[in-house]
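Let me begin by presenting the structure, written as structure tokens, before commenting on it.
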């Protein structure tokens, strides 16, 4: 019942925003909104491994860029079918290519998921700190590989031309926004399902005490690999439509530091214990950055994010959600009857009715 | 591929490796000994480079001298950062996730602030020896690399002596192994760790001066060094300073050969690739326990 | 003679140059109640860690229930029926007491009974376990709200939740009052009557003597005695190395 309400709520909110933006008649809201929703997906994805399991991933940009560059590679293949496919395949290729966005998203997810699995397999047996450093390394190695791969443009970058026909809405940016909206809901739904399942409990034990978890029978390595794969896959899915959004993709923008910082800052500032935190963090910080980029400069807005991250990590380690929960709990009724405040506090909790 | 080219590439690699040892020794202390994952270390190095740059620009002082003069300030900075880290994370026992995020934030904020103040142009310093190259037969020994290399090795040697011969130094080595025994010796573990961390940041100041002598610097250069630093540290066996030097030389030579024969655009991948391979297959390091 | 449930042969473990365990041989029959004693630092916890897979032993073998354990991860050994409590309690700090107890139910109990427990079954089992150790009132509290003693009880209850064939209780009674110690010993004996083999590691001699059918003594990484409790405690070497202190 709760789940149904949740999804209906998402649809209503999304629909309202959509209608509002369309009524404004200005495409800018869709451009900005796409970026913010992209961060919702990235933050939620990061949190599955970082918040739930306690393993920090500094290489979010790598997974995001993998998704983006899969799309670029497939786009190039599709635009020059006859050059790249042998004759007996080209008939089939012509009918499939160019691939539409949802397919590209799935493929981007698979590619990133596999890389996540591979990285995890190599490094998750070690301590969390080593894993974190390895993810940093991964981002640089991947960026170097892409820079040297001329097929996708190398350091010169690649132009992506949007298809002439736009499915459903007729306006391309609105279509991309809608796609990202659906992806955000999917990401949050996945996070929520994990939280409330056996897997979520397993993740929590890994975060709390891996050795004790093993002693209780939790297959920690397997669960960590699952988390890394899901997290990487979602990030890749967020990246897949990006070339079409931006039109011209070059490595420094795909692997931009802003992705690494934001995908860490947003969940940590929002709160890492549940799906609510990354959502809150992404919406708040994302909007803030959109405003700041326009009014001040993009360097300053990154500075603000960095300072907020440091500040929150020191002062409010449980994030905004944690602060709100403290506030709510203090005001909850003494007789132990649930009030609207304590209900709200439990709502944002990892397991309903837990505390 | 001529033999002269090969030998010069190896020499350049060894010289570079000596410098890399200076860059890494701070991490050997903070990560190897204190178990603090200070990924912001390269940011302090770059900070050191920029300070050397400003002084060199305005007053014309030699960068290495500048770094030595500024050493106390970096030491104090390191002590301050450790205090914040300790009070916020170590004491509460939550170091893993939040400590990493903290240092990552520091790295990031430092880089962005440098961009805001200095912009993204490359900066470099002037000194009498930078242009000079010693030629022995077909071997080229550019002084802008020889001086930092020699001074780096000197610095590492001094640190090794300090850690093995002085009371505080040995207390630092001990703090990673047995805090209780340390307390019984009437040394306060927190204070010892603070000193160690401050020393590691102080080395960054000197490494920064070396860096800007060797190559022009801009704010994002620090990030390239994260991989190198941790690759060398892990490969060298975390706590061992001699191991660090060997690993640094090895990495320097491999990078140099890659840059010479495959092209410089592949160079960043070398150190990070090294790191991934080391972590995957030999996390205890070359001279591993 | 029936096959031993747990067979440890020539187990060796070093930390760098320090030899923590030196050629340990131990055989535990199904249904036995074994006490393991020895001075601090003698290697008791290291032995447990090696048997349960938290640490990997360098030499020797561990066989449990007829299967070779070397190389198996800790969680796999727990799935086979070995459960242990930790000497220094390691609760899951962001989960409540009840949730702590649920983890083994979610991740191990199904391997032992052949199917996953239903929601109702696991809720009932959590209540039962909490009740057994006297933590019913605090089932919805976080570990940080528990006393040291209560955390030890949680440790023990969590090990029991894994429905083990062999339960290793590592100093579960430190700090408990006289009556609490008696209660826990009675609880362990009751579990044993239900068929669970138990290895009890303790310093409280009263508990060890009243519980154990057999006593094993570890000193400086070597086993120096292994036999009926009355014999072992009058063994001169045991008195010299441990009891006399």
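The first chain written gets the first letter, and so on, giving A, B and C; residue counts start at 1 in each chain.
Criterion: contacts are C-beta pairs under 8 Å (C-beta built on N, C-alpha and C of every residue); 3 or more make two chains touch, one makes a residue touch a chain.
Bear in mind the structure is a predicted one, so any value in this text is a computation, not a measurement.
Without chain A, the contact network of the other chains breaks into the groups B | C. Judged by contacting C-beta pairs, the busier of the interfaces A-C and A-B is A-B.
Closest to the middle of the protein, by Cα centroid, lies chain A.
Between the Cα centres of chain B and chain C there is a gap of 46 Å. One simple way to say how far apart two chains are is to compare their mean CA positions; for chain A and chain C this gives 43 Å. Averaged Cα coordinates give chain A a centre that lies 33 Å from the centre of chain B.
Residues 198, 201-202, 204-205, 207-209, 211-221, 273, 350-351, 354-355 of chain A are the ones touching chain C in the complex. The part of chain B that touches chain A in the complex is made up of residues 31, 37, 39, 84, 88, 94, 96-98, 100-102, 104-106, 108-109, 111-113, 115-116, 220, 223-224, 226-227, 230-231, 234, 265-266, 268-269, 272-273, 275-276, 279-280, 283. Of all residues in chain C, only 52-54, 73-76, 78-79, 83-84, 86, 90-96, 99, 102-104, 106-108, 111, 140, 142, 158-159, 161-162 touch chain A in the complex they form.
Of all residues in chain A, only 50, 54, 56, 58, 122-123, 126, 128-130, 132-134, 136-138, 140-141, 143-145, 147-148, 155, 257, 261, 264-265, 268, 272, 299-300, 302-303, 306-307, 309-310, 313-314, 317 touch chain B in the complex they form.
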